[in-house]
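Each in structure tokens, the structures are laid out below.
Shared chain: chain A. Partners: chain B in the first complex, chain C in the second.
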Partner chain A sequence: MKARVHVMLKNGVLDPQGEAVRHALGALGFDGVEGVRQGKVIELDLAAGTTEAQVNEMCEKLLANTVIESYTVELS
Partner chain B sequence: MKARVHVMLKNGVLDPQGEAVRHALGALGFDGVEGVRQGKVIELDLAAGTTEAQVNEMCEKLLANTVIESYTVELS
Partner chain C sequence: MRAAVITFPGSNCDRDLAVGLEMAGAEVTRVWHKDSTLPEGIDLVGIPGGFSYGDYLRCGAIAANSPICSAVKTHAEKGGYVFGVCNGFQVLTETRLLPGALMRNAGLKYICKTVGLEVGTSDSDFLNNYTAGQIIQVPIAHHDGNYTATSDELDRLEGEGRVAFRYADNPNGSDRDIAGITSANGRVLGMMPHPERAMEDAHGSADGARLFAGLIGAMATA
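On to the complex of A and B.
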């Protein structure tokens, strides 16, 4: 089974990487880019029977810094 | 409107960051993690009327290194 985890900076946390991308897109002539947030996506190949609770625990312990980041888990 | 872009290393391209995460999860006692790939997710706030073709062009020109990375675009 597979799990996909998205880790994004929480709203209100400054995202300098996203700001740099927004600025660079403007400089390349792409108008109308009003905001950019950049995060991580982590694709996990898991043994059958792994539960969503275990994936959440991986996020809490390692994958996300829950002080400033939020995460979402999709199993497939 | 919003667009979400996923940028992942292509299959066959070594992903040391993913390998490090896999190793760290094992060290934390999470068994059954067979593979990890890590990529980027970029959320764009776009002016109304921006087309998917324009977002693809942003990916080709800036967001992804298409030599080693593939990207997918979701508009919403």
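On to the complex of A and C.
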């Protein structure tokens, strides 16, 4: 089984990299980009039987810094 | 006074930190990240600057989960002293021994220069050799030094006198110009600037040496 973990900065945390990407899109002539938030996607190959609770624990302990980041888990 | 300085793969200021502590009179043991215990009788743990584990995932995140960091947490919880510089500060926030997080610099650039720091308080074993409000000159060298915390947390740090240093001219976007903070019991200090690179006049500033001398003086009389 696989898990896909999305890690994003929490709302309200300023994202300087996302802002730089937004400016660069504007410079390329893409008007109307009102905001960019940059995050990361982490794919996990998991042994059968791994639970969503275990993946959440991996996120809490290592994959996300919950002081500034939130995460979502998709299992497939 | 006995100190341990930890080396992670990618640490590059570990020797400088050890030499800085030795210059102030500490007996220093170097400790490898895979060790799971600190040497007996250690008073202070130094967590050096550098790029532990290549800054993979987040700066300091993997180091914070290494075997030696469990021992560092236990040492801090028992009231031991811990001093984290630059990547060491990032490790301390990742272990949650200090609140908040260090994000990418607001200008997105790596910044390496000497900056003015305002001393937040002298009521600290780390800072007793300075005067509150004094401006000292210490180098910074980081890409991810943008200190971020919730406004409640920032209010608490300020209210409890735990802001050790503020940038005189904020280079990286840090909330409330914060460059270094201490733990609630005052025994853990994390800071982005490098006092171990300001030890003698030939370095351009000897202001960092006073931190080491003050700390070791305070611990000798404790």
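Quick note on the criterion: the second predicted complex is superposed on the first by the 76 of 76 C-alpha atoms of A that agree within 3 Å, B and C clash if a C-alpha of one lies under 4 Å from a C-alpha of the other, contacts with A are read in each partner's own complex, and residues count from 1 in each chain.
The rule we apply is simple: a contact is a pair of C-beta atoms (placed from the backbone, for glycine too) under 8 Å apart; a residue touches a chain by one contact, two chains touch by 3 or more.
Predicted, not measured: the structure shown is a model, and the values here were computed from it.
Once the two complexes are overlaid on the shared chain, A:N65 sits against chain C while remaining clear of chain B.
When the shared chain is aligned, chain B comes close enough to touch A:A47, but chain C does not. Of the two partner chains placed around the shared chain by superposition, chain B is the only one that A:G39 touches, whereas chain C remains out of contact. In the superposed model, A:F30 lies in contact with chain B only, and not with chain C. Of the two partner chains placed by superposition, A:N56 touches none, neither chain B nor chain C. In the superposition on chain A, A:A20 contacts chain C only, with no contact to chain B. Once the two structures are superposed, chain B and chain C can be ranked by residues of chain A touched, with B on top. In the superposition on chain A, A:M8 makes contact with chain B only, not with chain C. In the superposition on chain A, chain A positions 61-63 are in contact with chain B in one complex as well as with chain C in the other. Note for the complex: chain B touches chain A at residues 6, 8, 18, 21, 24-25, 28, 30-47, 49-50, 54, 57-58, 61-63. Looking at the complex, you find that chain A touches chain C at residues 13-14, 16-17, 20, 61-63, 65, 67-68. Contacts from chain C toward chain A in the complex involve residues 57-58, 61-62, 65, 93-94, 99-101, 103-108, 146, 148-149, 173.
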